[in-house]
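As structure tokens, here come the structures.
Here come two complexes built around chain A, the first alongside chain B, the second alongside chain C.
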Partner chain A sequence: MGQKEHLRNFGMLAILIIILCALPSNINLYLRSVIMFTMMYVVLSLSWNIISGYTGYVSFGHVMFYGIGAYATGILVVDYGWHWIPTLFVGVFVSFVVSLIIGFPVLRLKGPYFAIAMLGAAEGTRVVATVWEDLTHGGEGIGLPNVENSFETYFAMLVVMLATIVVSYWVGHSRFGIRLNAIREDEIAAESLGINTTFYKLFAFALSAIFPAAAGGIQAYKVLYIDPETEFFILVTIYMKLFAMFGGKGTVIGPILGTFILYIVQEITWVKFPTAHLIAFGVFIVLVARFMPRGLMGFAIDKGWARKGMVH
Partner chain B sequence: MAEAEIALDIQNLKKYFGGIKAVDGCTFQVPKGQISGLIGPNGSGKTTTFNLLTGVLEADSGDVFYNGENIVGLRPYEIFNRGISRTFQITRIYREMTVFENMLSASSMKIPVREARERAEQLMEFVTLTKLRGEYGGNLSYGQQKLLEFARALMTDPDLILLDEPAAGVNRTLLNNLLEHIHHLQEDQGKTVLIVEHDMNVIMNHCEKVFVLDYGVKIAEGLPEDIQKNEDVIEAYFGHR
Partner chain C sequence: MQEKAEIRSKYWLAVFLVAAYTIPFGVGIYTDNVFFDLQWLADLTTVILNGIMQGGVYAMFAVGLTLIFGVMRIINVAHGELVMLGAYLTWMFFFYVGVDPLLALFITLPIAFCIGLLIQKLLLNAVVGGPELTPLLITFGLGLTIIHIVEAIFTTDYRTIPYAPDAFQLTETIAVSRSKIISFVMAAFISISVFVFLKLHRLGKAIRATAQNADVAMVCGINIFHIYMITSGLAAALAVAGGALVSIQFGFNPETGVLYTLQAFAIIVLGGRGHYIGALIGGVMLAVIESLISFMIPNGTAMVEIASYGMMVFVLLIRPRGLMGPKEN
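Here is the complex of A and B:
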């Protein structure tokens, strides 16, 4: 890809940043929250995309890292009196370590076996969070200090989102990313052609684990109350997966676009049809899977609006 | 004739799959700087031997010496990084990556990206795939996929190249190009090439030495013209007279 294209892409990102920086003081609390949660799902779907889109290891348990981040913040703020910002780094670090410990055995599994193992890992973490009452307050959950924090959390999420976008962009335009793609396409060939697949998979997995932890921490501070059921809720994994797939997994722009469109559609339908919205959403997912299996970006490529591949 | 230097020294290599003795004590030496052929009837253990040499399968026993080092037990990428590259019998190109990305994926991370790109461009030019550089690997014809695999295997400038049935499914014009390129690698760059092939024209006209496998054992080796007349080889292919 030429420098011109990189410049254009970063120009677009700069415009997005300017808009997102100008917005919060001009909108109400509700909209501020909606945009913050939209940015959160951009973080989640882009992160999921690193291991599942680029590398082809479809994770059904990514909520695990988000939950770990949320609990790191909850515990440290409430029980240890920390300021909430440094707790995010702790959450990221714990997630990183956990991703290595879990990734090493689990990344030896492929396809549905990996997916199920990740689902199990996430459920296992939820059970730990429920049972280990001394640390996590168990099923009772943790209430965080009730303060007005909509600006702080908004901008913190914006920073984390930018970091995730920049890292995803690097992955999506580098030989590192191409090597992840090679693993997705044919692991035996990749290994035979010089790629240390164990190392690359673990690296990708760790990258995909750290950003959700930061997002989870910010979210915990924002919603003021966390418990195992909501912080390790499987629907969070399904959403990040869905948003990435709708936009086009294995691309940078896809998960961003997918999240902005679907999260906002989801929010509007939820307000208008509190019960029917999940059904409508479900039908929509089936239609996308049937007629646009490679998402919006795949559609754009088929139409000739976008180029094939990520490095040109 | 002086004995050629040895590129790959294979000693008593064994691989059993349950009761099937795919490779059963195979021993042979691949001469350095030459094109050699590995032939044998279907199921004689040629591809399994390739997979053992490249670390895709782990040998039950035996040794493979490359530049004095026993490479049995190394992982495939480690063997590749020591200068042994390969293609596959059934092509294993990356289907949802472009031709150019397929090429770049095999470049060494030790060389700068600019250099890797240049090398990819040169090799694509060489196998006449430049026009298709932005096309998905999966959209290429089978013959073009073979060429892509071949070019991809050369990205790191390996010293030893293992080609598993390079001629299968490739049309004559492309095949001649490919063979010309293989000769160029051997003659001008001193590379060692080992070819598994069913197309006897390729083996007889282009290999300096031929090894014959049957039931996982080497039953003959020698010059192509001698192999053609070898009684054991004829029996392995056609049965008892």
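Here is the complex of A and C:
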């Protein structure tokens, strides 16, 4: 890819930033929070994409990092009286450490076993958050101080989203990303070419763990109440997976596009059909996995609407 | 070299299992839940017996998973949801028609067989032998769909079937609930008859041949897609039978299926993926560990999930073949 395409991609990103910066003061509270949550899911699906799209290790439990971030913010703000911004860094750090501890054994499992192990890890974290009442207030949850914060959280989420996009873009265009792709295609071959697969997998896993923690922290400060059931809700993992898969995993634009399309559809439908929309999402996952495994972007490349270099 | 690693991994697995069984005692002593008097020993015996009985039911839904894995190398994460669906089907027949939960098996099993057949025909036949993760995602979406359809019909309330709840006194201090004994006997009966079917019947032999080598089976004139469909139907029927046995012992709601998937998965990993007898033994072993944990560790019932998860990860790391699974690669 030439310098021209980098420039064009950053131009597109700059336009997106300008739009997103100009929006919040001109729209009402509801729309502001919808856009904030859309950005949050962009962060989540892009981070899921780093470990699952580029490296091929499909995680079924990424919600655990999001929950850890939310709990770090909740506990530090309520019990220790911190300002909320530094708590995000604590959440990111804890999530980073946890991802190394969990990733080291779990990343040795291949394919489906990794997926199920991550599912179990997320469930296990939820149980710990419920049982460890001294730290997490257990099942009754934590209520955060009620202040007007829609602007602060909006811009914080925007910053986190930009960081995620830039890091994903770097992963997609660097040697690091190429090595991850090599691991996805054939791990043994990659190892025999001298790639330290353990290190790269762990690095990718840690990268994909830190952004959800920041997003979770901001989200906790925004929604003002967290409990184990909502913060470790498996549906969050399902959303990030589905958004990324629908857009096209292993690309940068794919998860962003998938989130913007599907999250808005979800936002419109869930009020009217609270259960039916979940059924529809289940069916949708089946259909995407069965008939469109490479997502919208793969479809666009096949049709010749997009070139390969554009979407990576 | 290979042989040595093989034997070493066997020892490590043994060490791990011994540790897994002793840890609950250790924690129990540490938190003063262990007394070593006569009453406590009787309680312990009761708990272990109950665990074994429960293990029969766990084995019941694990064999379905292991069959599918053995024949198609597919991991069906919707398996727990099929168990949950079986529990609801039984509940429906019990409350609306008034059929005895065990007699209802005669109606629910054919239904389940057809469901399994359809799932295989419509969704999975096309992806067998492809990338491992596609069927995983498909069955995951399927499980989500089943959960929320059931939730839309029956709400998220816990349901139970009051069935033979009275205790059966073995001695004066040791008792096992009658429904547990009934379901253990049923589970043993069903799993043994499926085992005999696999060993002796022509179709069962064809299934085993496909599991060993699908290409050679095809050359020998076996229609493997036909076999895949029958296997899937059989697995669904076993899951639903497991669900019926679950429904007469525990409460269930649409969300419980996820835990069953996790447990069934831990069982087949422990027993050896694709190994039929291994799944039966693994089921009993996991259930005994779980009942020891919930007996001796405070807050133990919440820890049960962590137990099956930890079991699975450790066995996969130490010895991916499990107790009796075939050698891979």
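Some notes on this structure:
The criterion applied here is as follows: the second predicted complex is superposed on the first by the 295 of 312 C-alpha atoms of A that agree within 3 Å, B and C clash if a C-alpha of one lies under 4 Å from a C-alpha of the other, contacts with A are read in each partner's own complex, and residues count from 1 in each chain.
By our rule, a residue touches a chain if its C-beta (ideal position, glycine included) is under 8 Å from a C-beta of that chain, and two chains touch if they have at least 3 such contacts.
Just so it is clear, the structure is predicted and the values come from calculations on it, not from any experiment.
Applying the stated contact rule after C-alpha superposition, one finds that A:Ala215 touches neither chain B nor chain C. By the document's definition of touching, of the two partners only chain B reaches A:Glu185; chain C does not.
Taking chain B and chain C in turn and counting the residues of chain A each one touches, the greater count comes from C. Once chain A of one complex is fitted onto chain A of the other, the partner contacts of A:Ala121 are limited to chain C, with no touch recorded for chain B.
In the superposition on chain A, A:Val94 contacts neither chain B nor chain C.
Of the residues of chain A, not a single one touches chain B in one of the two structures and chain C in the other. On the side of chain B, the complex with chain A involves touching residues 54-56, 75-77, 80-81, 85-86, 88, 92-98, 100-101, 104-109, 113, 116, 134-136, 152-153, 155-156. The residues of chain A lying in touch with chain C in their complex are 56, 58, 60, 105-106, 108-109, 111-113, 115-117, 119-121, 123-124, 127-128, 130-131, 234, 238, 241, 245, 275-276, 278-279, 281-287, 289-290, 293.
In the complex of the two chains, the chain C residues touching chain A come out as 75, 77, 123, 126-127, 132-134, 136-138, 140-149, 151-152, 258, 262, 265, 269, 299, 302-303, 305-306, 308-310, 312-313, 316-317. Contact residues on chain A toward chain B in their complex (touch as defined above): 175, 178-179, 181-182, 184-186, 188-197, 250, 307-312.
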